[in-house]
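Next up, some structures in structure tokens.
Each of the next two complexes has subunit A plus one more chain, namely subunit B in the first and subunit C in the second.
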Partner chain A sequence: MSAKQTKRKPATAARHRARKPAATAVKEEKKAPVREEKKIAAKLIPIYIMGKRYEIPEGLTIMKAMEYAGYILIRGCGCRGGTCGACGTVYRKPGDYKLQVALACQKTVEPDMYIAQIPFFPANRAAYEFAGLTAAPEEIFKLYPELFRCVACNSCTKACPQGIEVMDTISALKQGNITGAAQLSFDCIQCGLCTSRCFGELAQYHMFQLARRIYGARIVPRAEHLAGMVKAVNEGKYDRMLDQLKRIKEDELKRLYQEREVEPMGAGEDWKPKDTTYL
Partner chain B sequence: MSLAYYPGCTLKTKARNLEEPAVASMEALGFKLDEVPRWNCCGAVYSLADDDLIHQVAPVRNLVRVKKAGETKLVTLCAFCLNTLKRANLLMKQDVDKRNTINSFIDEGLDYSGEVEVVHLLEVLRDDVGWDVISHMVKLPLRELRVAPYYGCTLLRPREVAIDSAEDPTILRDFLKALGARPIDFPESTRCCGSYEVISNPDDIPEYTRAILDSALNHGAEALVLTCPLCDYNLARGQKELVKKNSGFRRMPLIYFTQLLALALGLGPQVCHFELNHGSPESLLREKNLLSAVENVRPIGG
Partner chain C sequence: MSYLGYPDFFEPYIKKVEQTRPARVEKRKKGEEFPFMSLQERQEMLKYHPDYKEEGRREIKIGPSKGYKIAHEFVDLLEARSRVDPDKVDLTRVDYDTDVLVIGGGGAATIAALVADENGAQVLMATKLRHGDANTMMAEGGIQGASKGGKDSPYYHYLDVMGGGHFKNDPDIVATFVKQAPDALQWLESLGVMFSKFPDGRLEAMHGGGTCRKRMHYCADLSGMEIMRTVRDEARNRKNIKVLEFSPAVELILNEHRQCAGAVLYNMETEEYLVARAKAVILATGGAGRLHVQGFMTTNHYGATADGIVLGYRAGVPLSFLHTVQYHPTGVVFPEQIEGWLITERFRSEGADVLNVDGEKFVNEREPRDVESARFIKECLDGRGIPTPTGKVGVWLDSPMLDILHGEGRVRTAFVGKWKVYNRLGIDISKAPMLVYPTLHYQNGGLKDNAECETAVLGLYVAGEVTGGLHGENRLMGNSLMDIVVFGRIAGKNAAIFAREKAKDGELTLKHVKAYLKELKEAGIVTDRVAPMLLPDYTTAEVKEKQLTVSYLGTLR
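Right, the complex of A and B next:
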């Protein structure tokens, strides 16, 4: 947590604290009817945050609903765009034994959801010097020997808000298939929900990150054209153009930006702009 | 002909020298070992605790997925995988209560009650290919090779999952005969290698090894033929310790049965990955002129 965030932290030790309950907090046993005089455009629906009932305008995400209810989120929120993995959330609905998972910033609230955020779950990340690692499967086995505690219960897969076949990815690692593990876990955002559900106490997402690092650095062939491009940049191929750009007035810059040619969706590998002066 | 095939984790890492010659040999015999697309660990050891159902989940999930893929028969190659999968399969066939509990926990949207038949590659060679056909396909008979077939435990015990008679098995002997080798029978061929004792009591392993290898040697064997990666690990480790302690002990090369099959079919040493063998058999095989590839090995009818 950064120093800036620490300052904003409420005085209470609790991570989540209802500062001023903007929503109607009602005791569970007495379900108060929605008061007519409130005149809120959106329909209010009941949800339960950590067991406490709130009435929330429908259509909000879980994260917005928590904030509407008065929570100040200093952890468990990050990009608010479904990619940072900070807002892993579990919920259940009455009459369904199944535990559901979601990212709080992505999932819209539904009536009677019982919600708890799991913004962080303890999981040890192995320390390694990446420069010394090879693509041998044994490297991962040594760093994460608990890999072999998997009993194939598949709870991890059910807990993944990204829809990753988490258990299959663990199986791929056990089979020494680092490429398979890297590709299967490509959408992992490290929210840690898999780890929170693991019978064998594995830290899946750390293992997958290592697999993707090894895959990217040791298995995927180097892109040769990239080296050529870097060389051209270093040799000053674009210096003159950048200097020109720096001298352009703001209005002209805006016009150039607005009139720029955009690569069409689904353009092929050999697509080129009409003006090839700067290629 | 294509066969649904379950390799097992060890065959993909430490024991590629068991798998790769098998896949190549089966292709030469006209069979494709078609790896099932989604598989997890077999469970490694069959759990004997009556109420420990969580450790049945791994083998059963594999079988459920094989059934889902529309297959009715699953070929295994690792002796431990065969044992674990076959016993879990038997449990799903015979125990209705446990079957229901496991099915409901596994949650794959498909109930399983033991429909998939689990077999070992040796059974496929015996029952689907046939010793005569193999013998006919041999390009490089292992004529001068005196090898002791070693079964270990998990291919033959318990009796209800055994691929052959648990008391007097002949399947490996028949296999070696078909390759033109001279199988050496010895009384320790079904004795345990120490198995997972290597984890809790590693110092006991050399004595298991000594009993097996001394017996094979005394009966005239030049090498031991294996089917199981754990036997390979223990017998190699045991030999190393024995050599360190006792100068009188003679090392014995350890060879997987699939490596001998590939050599006999003329596929050459490159598919055998001898560099992964713990008890290196290469000098013996070179001495017998068995390391040369034979040209023009074609599948049956190909």
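Right, the complex of A and C next:
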């Protein structure tokens, strides 16, 4: 968990603010054991949060460093696992012209970083009726005509904390290659950093989302076995079996559980169980 | 200096793994497995599981499940005051009016909103963080549903769910779940979710812990993210779904007919409390990992603070199966930066061994999660774990095996999310193993409901992790993503129908909150705790000592 855990109290919603001191100590009954504090022996390094200097133990992520400094985050913090896109962050180091990007929950602090989070960035998103879309590229062109404002500067790719080839994905879309765009953008966490840097003012991640949905629903073949199973369920094929299972005694259920045939790990797609009574 | 990206400290330990690897790979290739435990052995092993530690829990003294023993961290929140003085909330001044109010911003909430809309309801979603900031987004492994009629059926899915949950699950809920699962998969497919498929469209599938058939479908290792962003995108297309971000509910509102009729929302940025009136309410606030039960690290997102449990319980909904909490067997112990981070069960499903300090196997990788976690804890307690320079302990997960078993590049392509994050830290997990330990992952139980997502309070529906019953005492991998789809849809439909046909207009009230506070006082519980928690507090003691404001002036604290 975070660098230090202290006795937890309900957090106030105040951001960047000192909080009300605890009410006069009241006698309490049994409570959850307080988490042990982790002692930090690490060396302290200076970082600049929106220009203000703080000394932070090295090894922390940007997010934990901000919390160590005393911030309570409301925005700019989501899954804390690198998948939700809430904590897009930009930073520069002294003497370096280059703007760097990171996810605050993933990037470890480095000495003298100047950090600012971009928890929200306005982006144009087209609304559409998904059921009415085919897989024609022109549909995307019509919803997002600004696609062709891309000047191929590649700033988007440089701004992607996921390492997605954003500009190549836009190029694929421009060429009507929805499959390519869907596959290239699969890791997109929609943090919006590409959009914040775009010279042509595109909202790349919304376009990619549309491409992936069209690919998943219109281009890749549907699973026929799935449609078959849905039909069987709807026809009531399993109703009686399940009703029986619901009614039997726990011992009998345990027996059925233990005796059920387990598909071997290495079995291929064509594996068939011996007992087909309940299929 | 480092060895395969790890500090030198680990070199002798990693070398042991490398020494035993060729023989272990050979065994895998021959299909030789470490024996599964019997039901009896599993039961014995569970005494090493944190749920079974008596000192970790206590009886709750008030409310509809009075006398129920659950983790201190939950009781602390339930035996707490409201965030607002109920007498000060002016319920005659309605800020938002809607048919269906959905509380929560994750998978279950969004899916419920979509289906409520399809059933003709005006929907308002109140989310605590951004729409989509939820555990759904982080689910990696996959989604279970019997889809291959040649070898699998809802019958076998039912047996697996019950076995995983120690046969304690609610049979009605489980039957509905396994029967609706295939249709739920098809619904996702039609929305454009990019499932991993064979070229002819067949869904790829694999085993998860406790499954008898390979029915774990997935979208590479980002299954939850792919599902979440797709349903969120669809919700954004719907004119009748309005989303109110950074506005968590802090109390449910009932009306004079004892129907649920809205909620008090809190704008976390302006610190205003607002009244949302609705004809039906869906509570889908997710889990509780950020309570750090028994001090464990967690895989959960920032907002997983059990808010829905507090709201529902105060309104009169009993608890069910909340005495068990799921510890995912494989959370990262080292490197520190990603401590607690989830390593998907798919590594084990695909054949990565779990190893002790001697580089030896000690458990089958596909035991149910609670048993697997308990076994890891035991191995470490017995002194056969791998120590870290930061004073912790863990076991190895031998990911490099997958490149040998399935071909060079397997780890890099099938686990791209994991590979990238480790790679940023200088570790190539197709060459070096991962050090893991159980981590707080899922709230098995929650608010009691039935297969129609109805609760003890009329007009209040629940869906997803906040509920209890489907998973019994232990959830299997892949059943949480399916849970949010199946029961999100049911809750959405039923709430819309209730709003249209059964909701009665009446005076709004917070009397239940007042009654709860009175009960708290009568039970002799004197406390300054308030709940719901909303966000965890990771401020250090040093900072707290200097936060000396005497009292608030305006909103400046």
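Criterion: the second predicted complex is superposed on the first by the 187 of 279 C-alpha atoms of A that agree within 3 Å, B and C clash if a C-alpha of one lies under 4 Å from a C-alpha of the other, contacts with A are read in each partner's own complex, and residues count from 1 in each chain.
Definition applied: a residue touches a chain if its C-beta (ideal position, glycine included) is under 8 Å from a C-beta of that chain, and two chains touch if they have at least 3 such contacts.
It should be emphasised that the depicted structure is a prediction, and the values quoted were computed from it without experimental measurement.
Contacts of A:224 after superposition: subunit C is touched, whereas subunit B is not reached. Contacts of A:199 after superposition: subunit B is touched, whereas subunit C is not reached. Contacts of A:213 after superposition on the shared chain: subunit C is touched, whereas subunit B is not.
In the superposed model, A:130 makes contact with subunit C only, not with subunit B. Counting residues of subunit A touched by each partner, subunit B versus subunit C, the larger count belongs to C. When the two complexes are overlaid on their common chain A, residue A:84 makes contact with subunit C while staying clear of subunit B. Touch criterion met: A:279 reaches subunit C, while subunit B stays clear of it.
Of the two partner chains, subunit C is the only one that A:61 touches; subunit B does not reach it. In the superposed pair of complexes, A:266 makes contact with subunit C only, with no contact to subunit B. Residues 1-6, 8-15, 17-23, 26-33, 35-37, 59-61, 64, 67-70, 72-75, 77-84, 86, 106-108, 125, 127-130, 162-163, 182, 186-187, 189-190, 209-210, 212-218, 220-230, 232-234, 238-239, 241-243, 245-246, 250, 253-254, 256-258, 260-267, 269, 271-273, 278-279 of subunit A touch subunit C in their complex.
Only residues 7, 9, 12-13, 38-41, 43, 54-55, 57-58, 61, 105-107 of subunit B touch subunit A when the two sit together in their complex.
Residues 137-138, 148, 150-154, 158, 165, 167-168, 170-171, 174-177, 199 of subunit A touch subunit B in their complex.
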